[in-house]
Amino acid sequence: MDLLDQLWNGSGLAQMTLGQFAMILISLLLLYLAIAKKFEPLLLVTIGFGGLLSNIPGAEIATGNGLLHLIYEVGIETGAFPLIIFMGVGALTDFGPLLANPKTLLLGAAAQFGIFATLLGALGLSALGIMDFDLKQAAAIGIIGGADGPTAIFVAGKLAPELLGAIAIAAYSYMALVPIIQPPIMKLLTTEKERSIVMVQLREVSTLEKIVFPLLLLLLVAFLLPSAAPLLGMFCFGNLMRECGVVERLAETTRNALINIVTIFLGLGVGSKLGADSFLTVETLGILALGMVAFSIGTASGVLMAKLMNVFSAQPINPLIGAAGVSAVPMAARVVNKVGLEANPQNFLLMHAMGPNVAGVIGSAVAAGLMILITS
Amino acid sequence: MSGLLESGIELMMIGMGTVFSFLTLLVFTTRAMSWAVLKLGFATTPSQTNIGHGQAAGAGGQGVNTQQHVAAIAVALDTHLSTKNK
Amino acid sequence: MDLLDQLWNGSGLAQMTLGQFAMILISLLLLYLAIAKKFEPLLLVTIGFGGLLSNIPGAEIATGNGLLHLIYEVGIETGAFPLIIFMGVGALTDFGPLLANPKTLLLGAAAQFGIFATLLGALGLSALGIMDFDLKQAAAIGIIGGADGPTAIFVAGKLAPELLGAIAIAAYSYMALVPIIQPPIMKLLTTEKERSIVMVQLREVSTLEKIVFPLLLLLLVAFLLPSAAPLLGMFCFGNLMRECGVVERLAETTRNALINIVTIFLGLGVGSKLGADSFLTVETLGILALGMVAFSIGTASGVLMAKLMNVFSAQPINPLIGAAGVSAVPMAARVVNKVGLEANPQNFLLMHAMGPNVAGVIGSAVAAGLMILITS
Amino acid sequence: MSGLLESGIELMMIGMGTVFSFLTLLVFTTRAMSWAVLKLGFATTPSQTNIGHGQAAGAGGQGVNTQQHVAAIAVALDTHLSTKNK
Amino acid sequence: MDLLDQLWNGSGLAQMTLGQFAMILISLLLLYLAIAKKFEPLLLVTIGFGGLLSNIPGAEIATGNGLLHLIYEVGIETGAFPLIIFMGVGALTDFGPLLANPKTLLLGAAAQFGIFATLLGALGLSALGIMDFDLKQAAAIGIIGGADGPTAIFVAGKLAPELLGAIAIAAYSYMALVPIIQPPIMKLLTTEKERSIVMVQLREVSTLEKIVFPLLLLLLVAFLLPSAAPLLGMFCFGNLMRECGVVERLAETTRNALINIVTIFLGLGVGSKLGADSFLTVETLGILALGMVAFSIGTASGVLMAKLMNVFSAQPINPLIGAAGVSAVPMAARVVNKVGLEANPQNFLLMHAMGPNVAGVIGSAVAAGLMILITS
Amino acid sequence: MSGLLESGIELMMIGMGTVFSFLTLLVFTTRAMSWAVLKLGFATTPSQTNIGHGQAAGAGGQGVNTQQHVAAIAVALDTHLSTKNK
């Protein structure tokens, strides 16, 4: 019977490779972590399911005219989806705590050391002949240390699309692991007394300051580092819609329906890069290892910078808030709050950590712009 | 290969230098902007009083909230941000 | 006056063909049925209006760079819109009743006999020389019997885009006619006593079962019939978002803003295929006639299968619920409930009919995958 | 032409065979899955108790609802589904 | 150091032209007017920010594969975004006041004189050698007088894409200036006694009339002026979804999430045409001047037509409502109400002005269709 | 150049003629439609009574609302439309 042959040849049992089977298990693991452990579920559910679909043999969902491949081409290759997500994040971000204490921007700068140290690590592995990353790939891997999903996807899409799947997985996984990765480093680098430092209460910030800030930030970018303008421009646009008060219906749609729709398709599109051929390589292991290093170094740099600033600052700075400089909004700020409460049950650091937290978003976007300018 | 490492080191130095310079400049311009808004009295332009998404818009200085108030805001913000999408 | 000539030559009065005039009347009829009679209004209002726009002479809305043609190319030719609708349907579907009584899946299988009988009918008409359908076209026509709009549009777009307009119209029209088509067949094939059978109350289903089921279904598809993976994959993705509990904001947007937006454009895109040239053919009459046959046979097969199962089942099965196996969610299940109440005013069959109802969605997607695999 | 009819008949047989085989297999795997979830105790994992869209999540067996209760659910479901988009 | 050179050469300070700097100031002015003065904020915030992004040197956001250029190509070059906005406006429009007093449609006709007078003005400036507009460009500039953003953008995209930025800016700016431009003209052309005229209360309109009206309008367009069918077709589609009562979920999404999403991207896409090269020309000054004339003439024609109708009408017509015929919904109707209340504090003209107001939308879409037919 | 002006004048005359003709025709067909709906009794078809977005659907003629009522509607409409997106 020809048709039965055709049916058998078309089945997954006949076509599946060992790699595809492994990727299906990895995708199920991502779904398990997202659902049961609540690891960044918005992205890991969608990426995980996309990975599942991409490894169904013969279905061709992630290649040619398959839906996931079309989504990838339309939304990720062009950079549109990460930029729209960034607009939505802007519409969700309150710069109030940052404006009340602008010097915490420096903590967001320090934490970007994780990015550049990781870049160097990736190049070192290549110099040692263990891996084979070129400068663009190393730069894309480094951005994992920025702890910012859309930034990492945007940069990887520009500089190293072949690594995009692994980089996105690493970025979101470690962002989810922030409550596990950061506290030991934070405790190692600070004393109980430092962690107990009570910070001066933040002043309230006027609406006009909040309206002007995104424009000010964009103008600085325009004059100094235009290659960061796509990312920070969309971020500032979302934030201006949020704060300006006259387009509330647009801001509302941006931070709800629009960001949700784009998140679904971004996740599926990233998932389309989890094909066995491109994901199951030794490079992926290298990326996962380097990503972990990037987070750790970024956390340490932030904390050490805060300690340094504390020496010179008139008002006390609790060094824990430096750890929030990696971004991973708002998880890192919550971790800071939790570790701070362990040392001093009356010390609420959440608001103070929000400043460096959003500063970290700006910092890694600046680093991303620089990488794109220099390496391309 | 060591050429690659060298350009990595150079990129790291330029990179951290740029990030720090940019954010330091942002600290100063932000302070200048806040100073201009608050001390030059712009904070009372119509753009401020007419907008409507329910935030306290007080010009700086009157902040004598209690510790409980800040904690309440912190909890509210935390709740708000827990639904935030990154 | 040249300009007056140009104005007259550009007018509809000067350019309209009899066929376009007829299609405008047909489009108005669809709108009347949708609005006054509530026939599947979400699709028939949008398709009907799309048909109206497509038959305005000289406006070229459904050709070239016209909006409706662009919508068709972007969303229907690629298969994207039906798949996104299916994701939305997944996010709206509760598999609880099916999980409480899995053997009702067999009713969803039996009702697919309508699909294959219709395929045979279409080929028979061709063998008799009355129509001229090839195997792909016959397969696409058969899927009307699946009583599932997005599935029919997806398959027609793949196998017989030239018949898409007629197939979509037939599918939604007969889905709307379920309350008229099904009851006589149901009553003919059952006795009053059978229709009065009270079924054992369904157990409650745990959340974990609801989370695992879409993954289980997708894995079976992946291993056995990957060609059904695009349709069932998106369906399972929507359902997983609904049930997993950690991405509620994505599920909410999927079953509201996203499915609504895509429904509007899907309807307009399908309407673009209602041009007089392609719709006013004898094939359309054949498709409408065959579609009616498909629904009737599907209903009868479902009911007869339920009677057969009742012979072997320890717990009584009311044969009426077999009719819900055609899908046409949730209309068919409501018809079952209504006919059941006529026989026994205390007998609420709605929940029991929801199992075969969603099983019918799975069954016709499986049949669709098979058709695509075999004929393309 | 009769070749077309023959392939139609073959497709029908293969097709109904596939549909029935697939859904029969799904019946068994679904039962196995439910058995595993309910009897092996997985139904009490955190993933179950933490989720929040308001559905009763009780493990099977305790269901002694009255007929009225079922009718109420049925009506509610009907209302819910009447807004459903196919 | 090569890298430092690269950094400097990539900076905005090194690359910015004087024109780009001027356009950044103009964009900031638009944002100021939108936010502080509430000038059509939904469009001027998004267009203004798009203009800002488009003039960042080296960022290439509005050219090549930049996001704003992609948005422009996908949504504005195709005409899709203005048409979808028009669908949304249809879903927001209540034809009740128009149906209660259909003769106010004539006021919407008269006010279109602004369009054609402006066209003539643009050609006159060219004949005098001051500007250099061809017939298509003059037609696109004339449409500014229609006081309808999406219509102006749609027509400019078809007939004169190189002028789209200036035309959109002019259209929205003058729509925002309606409360300043119109009252002096209205007062100049009417006596205090005329402005005090109390109009007969409007009858209530049945739902069926509201359902049939969009279909009637579309059929007239189909038979008489198909080139207006894309604009008026989408407008009528949105309105039918609103009124028919059976697709409320689609109408709700159309007038909220969908119109908001498209507004954001329409604004950014229009902003991408604010590049210094194309915007900073003497033609832009001409367009701004002509746009102002267009509004004034349209207002005057509407008022004079209302005075003329008052001579023949059995029921009194307050000539102020003629000014609402330019559209600029709902601002113009509110201005009428305000000026009317100044003359007679008991005279609420808002409802009476809504008829000519929506009639103006129809009138300018008819004029747009005619322009497209004749000049292309 | 004066050829351009001439075609502009011609376009203006044709244009205003078309706009007026079209809208005048629309006045008459709208009146005919309303007459048909209201006087031929179509206004009581099911399509009218079954729809549900909360608008008064009364057939014409009974309208004896007070001036206040109209003012209230006007204010409500104004509020509604002030959120309208053009």
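Per-chain residue numbering starts at 1, and chain names A, B, C, D, E and F are given in the order in which the chains are listed.
Assume contacts are C-beta pairs under 8 Å (C-beta built on N, C-alpha and C of every residue); 3 or more make two chains touch, one makes a residue touch a chain.
Source: prediction; values computed, not measured.
Peer 1: Which chains contact both chain A and chain F?
Peer 2: C, E
Peer 1: Pick out the pair in A-B, B-E or C-F whose interface repeats that of C-D, meaning over half of the contact pairs match by residue number.
Peer 2: A-B
Peer 1: Among all chains, whose Cα centre is located farthest from the one for chain A?
Peer 2: F
Peer 1: Which chain has its C-alpha centroid farthest away from the centroid of chain C?
Peer 2: Result for the farthest chain: B.
Peer 1: Can you give the whole-Å distance between the Cα centres of chain B and chain C?
Peer 2: Here the centre of chain C sits 52 Å away from the centre of chain B.
Peer 1: Using mean C-alpha positions as chain centres, tell me how far chain C is from chain E in Å, no decimals.
Peer 2: Computed value for the inter-centroid distance: 41 Å.
Peer 1: Report the inter-centroid distance (CA atoms only) between chain A and chain D in whole Å.
Peer 2: Spacing between the chain centres: roughly 37 Å.
Peer 1: Please output the residue numbers of chain D that touch at least 2 other chains, ranges allowed.
Peer 2: Correct list: 11, 14, 18, 45, 47, 50, 85.
Peer 1: Got the chain A residues that touch at least 2 other chains?
Peer 2: Where chain A meets two or more other chains at a single residue, that happens at 3, 7, 35, 38, 42, 211, 224-225, 244-246, 249, 257, 260, 263, 370, 374.
Peer 1: According to the definition of touch, which chains form touching pairs?
Peer 2: A-B, A-C, A-D, A-E, B-E, C-D, C-E, C-F, E-F
Peer 1: If we count contacts the way the header does, which residues on chain E are in touch with chain B in the complex?
Peer 2: Touch residues, chain E against chain B: 1, 3-4, 7, 35-36, 38.
Peer 1: Where on chain C is chain E touching in the complex?
Peer 2: 3, 6-7, 10-13, 15-16, 24, 28, 31, 34-35, 38, 41-42, 45-46, 49, 52-53, 55-59, 61, 65-67, 70, 256-257, 260-261, 263-264, 268
Peer 1: For the complex, which residues does chain D have touching chain A?
Peer 2: Within the complex, chain D touches chain A at residues 10-11, 14, 18, 45-47, 50.
Peer 1: Per the contact definition, I'd like the list of chain C residues that touch chain A in the complex.
Peer 2: Per the touch definition, chain C meets chain A at residues 78-80, 83, 211, 215, 218-219, 221-227, 229-230, 233-234, 237, 240-241, 244-247, 249-250, 252-254, 257-258, 370, 373-374.
Peer 1: Tell me, which parts of chain E touch chain F in their complex?
Peer 2: Going through chain E, the ones touching chain F are 40, 42, 85, 88-89, 92, 94, 99, 102-103, 105-106, 108-110, 112-113, 115-117, 119-120, 123-124, 126-127, 129, 134-135, 138-139, 148-150, 175, 201-209, 211-213, 216-217, 220, 224-225, 244-246, 248, 255, 259-260, 263, 328-330, 333-334, 337, 346, 348, 350-351, 354, 359, 362-363, 366-367, 370-371, 374.
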